[in-house]
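What follows are several structures.
Below are two complexes that have subunit A in common, paired first with subunit B and then with subunit C.
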Partner chain A sequence: MSVSDWDSPLHPLAQALDVPAGKARTRHMAIEASVIPELLRLPLELYAGRQAKPCVTVGQRVRRGEIVARGPDAYDAAIHAATSGRIRGVADTPLPCIELEADGDDATVDPEPLSDWRGHSRPELLTQLAESGLMGLGGAGFPSAAKLEAAASIDLLIINAAECEPLLTADERLLTERASEVMDGITILAYLTSARRVVIAIEDDKPEAIEAVRVALREHPFSLAVIPRGYPSGSERQLVQILTGRQIPSGRLPVDLGMLCHNVASAWAMGRAVIHGEALTERIVTVTGAALLRPGNLSVRIGTPVADLLAARGMNDTLLAGIRLGGPLTGRPVTDRRLPMGKTHGGLLAAGAEELTPAGVELPCIRCGACAEVCPASLLPQELHRQTRAADLDALAELNLVDCIECGACAWVCPSRIPLVNDYRLGKSALAAEAARQAAAEQARTRHERRQNRLEQERRASEAAREARLSRVDAALARAKAAKQNREQES
Partner chain B sequence: MTRLLPRRAGTASLMLQVVLATLPGLAALVAFFGVGVLLTVALAVLGAVLAEAFGLWLRGRSIRLGLGDGSAIVTGLLLGLALPPLLPAGLTMLGAGLAVLLGKHVYGGLGQNPFNPAMVGYAILLVSFPVAMTTWTALPQMLANGPAGLLDAGAVIFAGASPDAFTGPTPLDDFKHREGLTVAEWQAVSGLGGHFAGQGWEWVNLGFLAGGLYLLQRRVFSWHAPVGMLAALALCAGLFWDGGSSSSPGSPLFHLLGGATMLGAFFIVTDPVSGARSPRGRLIFGIGVGILVYVIRAFGGYPDAMAFAVLLMNAAAPMIDAWTRPRPYGHPPASASKEP
Partner chain C sequence: MELIIGILIMVALALIFGAALGYAQQRLSADDDPVVLRIDALLPQTQCAQCGYPGCRPYAEAIAAGDAINKCPPGGATTVAQLAELLGRPAEALAADPGPPRVAYIREEDCIGCTLCIKACPVDAIVGAARLTHTVISSECTGCDLCLPPCPVDCIDMRPVSEGAP
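Entry: the complex of A and B
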């Protein structure tokens, strides 16, 4: 124990998935610079299916760090050239991206640091983050500036360095080698959120990183929480529970409880962006897997095609069971090796069969319950599976499918090799489509009701007007009659 | 602390482990009741596999894949272990076939059946052929003359020879109809009392217990259902145990190591398909089976009760599931939420 240790009691997950200890392969390998490919594909994809709009012309020469595309919102993360070269154009395959031909000089724009950053206003700092291309590097990719804008004053800032995903060691190496730079980033984060407490959470199987953090914390008022290993301890909702014992209510965010979670790599990038004025053009990636000859932790330029990265590290295709962008459980399968590395990808796997969720012929579910045991959200995965196959949307809503965090633990343990997470994604999109359909129907209904109301009101108004007119006529007649009587009496 | 859960073996491998785990119990059965046990088990497996192939063919499914999961073999094996060792071949195969077809395929195959297939087959045979199903090989004669050999057993099973020379009541059956004897008197008179539970059966049960503990250690199933069942059975027997009067329904140990208790606890109530889903649900499921087994044994018309107890609780499993749904992350406690 030291002064900096997190002093609230931990609330470890009752049970969690034990993933194979494949981290040993790369955990002691220092971060090294990776190849700069001849052609980079800078992804235009932003958070939740939105896209950045290119702001360069075909043939334009750019330097590293120059903005090549921007999102629709002010706080969207900008997209930068990851090396110097010539813009070849915009492509739609293998995904929407700007193609950049590297010129080999790797010339960089002059950095514009905010070295006296405490003297700048909050909006200025947030703009700097957005202009530097900051987004959540842990996987979700939510724009950092937008996330921080909504969290001006929080109680607890959680720096997520759990790195529970098997095989990946990028965050671990980052902390081991650059703990003090990470602390700089955390200092900025704590300042921007006015966080009263800051905790850095690491799984207990990373002694080197833990030691590095302890040393760095001598100069910072943050605490360190060493949490028990177990997948998915690094999932935001689970981590909040482990640290505080509180659960984020369904459909809400940590910020609703006065907390904010930030990935450790994002915190580091934030320090680089503000203090050094560097745009986010590279990130640390664990390139590993049984089929890879020279695994390692590489500083990879955003936009580097998977094929170039794998070729640079040597691949044995006979051992290859599958390529994943990200980790073995939550990573995205790569079928087209032209796909580029994005900001959210902390891993690239050329995986052997043992390292992936077992594939093969799907057998019927025997309701063994292994999935329910490992589900961190305490859902009933086998029931969800049955109801997605039956396309029973009401049942899926009732079973709280929306609370599935798609961690993949259920599919990992399934003895019948059922691709459960695929089912849940399909189920979720079906639910979303149904909700949209109902919202549209509801909108049409309100529109109709409003029209009915309006017509009714118009009718009433015209009736009232007619009655008023009639009463005026009656009054006039009465007056005329009275006048006539008066005249008759006078005469 | 966090309990770390490793990856599971594939379904076929799970089934193989179940088969292996029955070996100690099977060996004890063979030792006491002769090779007829092996014949009956083999016939039951054969009947189940043929019915499985037929069912898959009728439903237009891949026979190779369907047989490959090993579930039909397990159904046949468990039924064969529960049947009297000298049951005529036709009945054994009929029971196994109906177990697979009426117990599983009519509901849509593996994973869809609400009832335990082996127990469906057993119950059909028991209500249809009560005499044959309660005719067990007699242990005292066997121990005196050596167990029925292959030829004798074959003659009874295949050729319909009269089994009378080998048969007698099981300890549970005899104990139930002991006509006013105290427990101590019954043990002295019947010679079926065994060392601590029932002659021969105590070893059979210990064999299945050993296999069950192996499966538990291999995490093929969780402890909840078997422990729930055994605890409930022992508790009931303990509550009604009066030290051995003439009306006593038997000591806790007699019930724990008698009849089909351990086979049921570790190989039948642990069936994930027809049981409850959540750990708490499985505990309740097991407790229900334990109570029903005791009630039927002590107060019902049948000497043993595993099949009926399990089938009744199978029917209750969906309701148990509705009661014991775990609270998902980020949702208010059950008292605040609506009825399932």
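Entry: the complex of A and C
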């Protein structure tokens, strides 16, 4: 125990899942630079389906760190060229992206660091973060500047280094090798959020990283919480609960409870962006799996296609059971190997058969309830499964499908090998589409009613004008009649 | 004497409550039929008049008065099912095929600026002025097709939502 240890009691997850971590393969492998492919695909996708707009022309030569696309909002993360080269154009497959032909020089723009960053205003620092392309690297990809803008004064800043996902060791290596740089980033984060307390949370199966953090913490007023290993302790809501015992209500965010969670890789990137003026053009990725000859922790340029990355590490297709962007539980299956590595991908898995959620022929649900026992969000996975298959949107909303964190624990324990998380993703997008449809209908109704009111007013105004005209005619006729009578009486 | 006092008290109470109820009816009356509102809330608000009524609200009133619930192609089978559940009627098959959702698109080089489509649009989703090119605000367009018939030069296309206006 040292003075820097987190002193509140921990509240370990009651339903934590003990999945084989399998991290030994890459745990001790130092971070190394990855290949720069001939063609990079810089993804244009931002948070929540919005897209960045390219601001370069076809054929333009760019250097590494040059902005090639921007989002619609001021605090959206900018997209940068990840190496020097020539812009080939915009492509829609396999996802909307800018294609960049590398020239091999890897020339970099001159960095514009804010080395005396404490002398800059909060908006200036946030703009620097947005211009450096910072977004949540833990998986959600929410723009960091926008997230921090909403958290000007918080009680507790949580740096999430739990890394509970099996096989991934990117955050662990980052802390082991670059703990002091991470601390620089955390210092900036703590300054921007005026956090009263700062805690770095790590699972207890990473002794090297914990030791590195302890050493780095001698110079920083942050505390360290070593939490028990258990899936999914690295999920934001679960981590808050483990550390504070408080549950974040459905539909609310940690910031509503005076807390903010930030991924450790984001914190590191933040330090690089502010102190060194480096744009986010690469991130640490654990490239692993039984089908790879040379797994490792690589510093990968954003936009590197999956195929290039796997080929560079000695891919053996005969052993391959499936490719996942991310880890074995939360990772998304890759069907098109042209897909590029994005900012949120901390892992690339070329999995052998035994490394994935048990696959095989899907059998009917036997209602064993194993999924409900492991669901960290306390949902009813089998009921959700039934209703997603029935496409009953009302029932899904009532069962709080939106609170599913897609951790994959239910699918992991399912004896019928039902791909439950896929169902939930489909169900969520159906719910979102339905909500959008209703919002559009509401908008159309309002516009229609306003139009009806306007037409009604115009009709009334023209009627009133007509009546006024008629009454003037009547008055004129009456005057003429009176004049005539007068003349008759006189004569 | 006591009998008269009793009667007077009851009469006074009756008058007071009567006045209060009368006032409440004047001031707090629901000016809209709640059934119509609930039906209207389920309709897609395209105001396309494909049901034969001049908008969603009139159709909602007609349904409340007993008309069939399957006359709304844009709402599709979903709307029919929701209406059936709300009204306790059997879900009938849709009267016409809805097709994919679409938005109007004005080919600006052909538009002569006659403002006829602007007058036809039920949701004010077309902007323009006399002898100036018109254009559709595609995010507001409900795809009702009502702007097509008035156009004298046939410069309006209906395009699938995904492609939309460039």
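In the analysis below, the second predicted complex is superposed on the first by the 435 of 491 C-alpha atoms of A that agree within 3 Å, B and C clash if a C-alpha of one lies under 4 Å from a C-alpha of the other, contacts with A are read in each partner's own complex, and residues count from 1 in each chain.
Heads up, the rule we're going with is that contacts are C-beta pairs under 8 Å (C-beta built on N, C-alpha and C of every residue); 3 or more make two chains touch, one makes a residue touch a chain.
Fair warning: this is a prediction, and the values are worked out from it, not measured in the lab.
S.K.: Looking at A:Arg451 after the superposition, I want to know if it touches subunit B, subunit C, both of them or none. Which is it: first, second, both, neither?
M.R.: second
S.K.: Is A:Pro376 touching anything from subunit B or subunit C once the two structures are fitted on A? First, second, both or neither.
M.R.: Once the two structures are laid over each other on A, A:Pro376 reaches subunit B alone.
S.K.: Can A:Ala190 be said to touch subunit B (first), subunit C (second), both, or neither?
M.R.: In the superposed model, A:Ala190 contacts neither subunit B nor subunit C.
S.K.: Now for A:Ile418: first (subunit B), second (subunit C), both, or neither, which partner does it touch?
M.R.: After superposition on chain A, A:Ile418 lies in contact with neither partner.
S.K.: Taking the superposition on A as described, I'd like to know which of subunit B and subunit C A:Ala441 touches: first, second, both or neither.
M.R.: second
S.K.: Specify the partner with more touching residues on subunit A, choosing between subunit B and subunit C.
M.R.: B
S.K.: Can A:Arg252 be said to touch subunit B (first), subunit C (second), both, or neither?
M.R.: first
S.K.: Have a look at where A:Ala78 lands relative to subunit B and subunit C in the superposition and call it first, second, both or neither.
M.R.: In the superposition, A:Ala78 touches no partner, neither subunit B nor subunit C.
S.K.: Residue overlap on subunit A between the subunit B contact set and the subunit C contact set?
M.R.: In the superposed arrangement, which is not itself an observed complex, subunit A uses no residue for both subunit B and subunit C.
S.K.: Within the complex, which stretch of subunit A touches subunit B?
M.R.: 12-18, 228-230, 233, 237-238, 241, 247-252, 358, 361, 363-370, 372-374, 376-380, 382-383, 400, 403, 412-417
S.K.: Within their complex, state which residues of subunit B touch subunit A.
M.R.: Where subunit B meets subunit A, its residues are 1-11, 13-14, 65, 69, 71, 109-112, 221-222, 272-273, 275, 277-279, 282, 325-332.
S.K.: Which residues of subunit A touch subunit C in their complex?
M.R.: Touch list, subunit A to subunit C: 437, 440-445, 447-448, 450-451.
S.K.: Given the complex with subunit A, which residues does subunit C contribute to the contact?
M.R.: 40, 43-47, 55-57, 122-125, 140, 142
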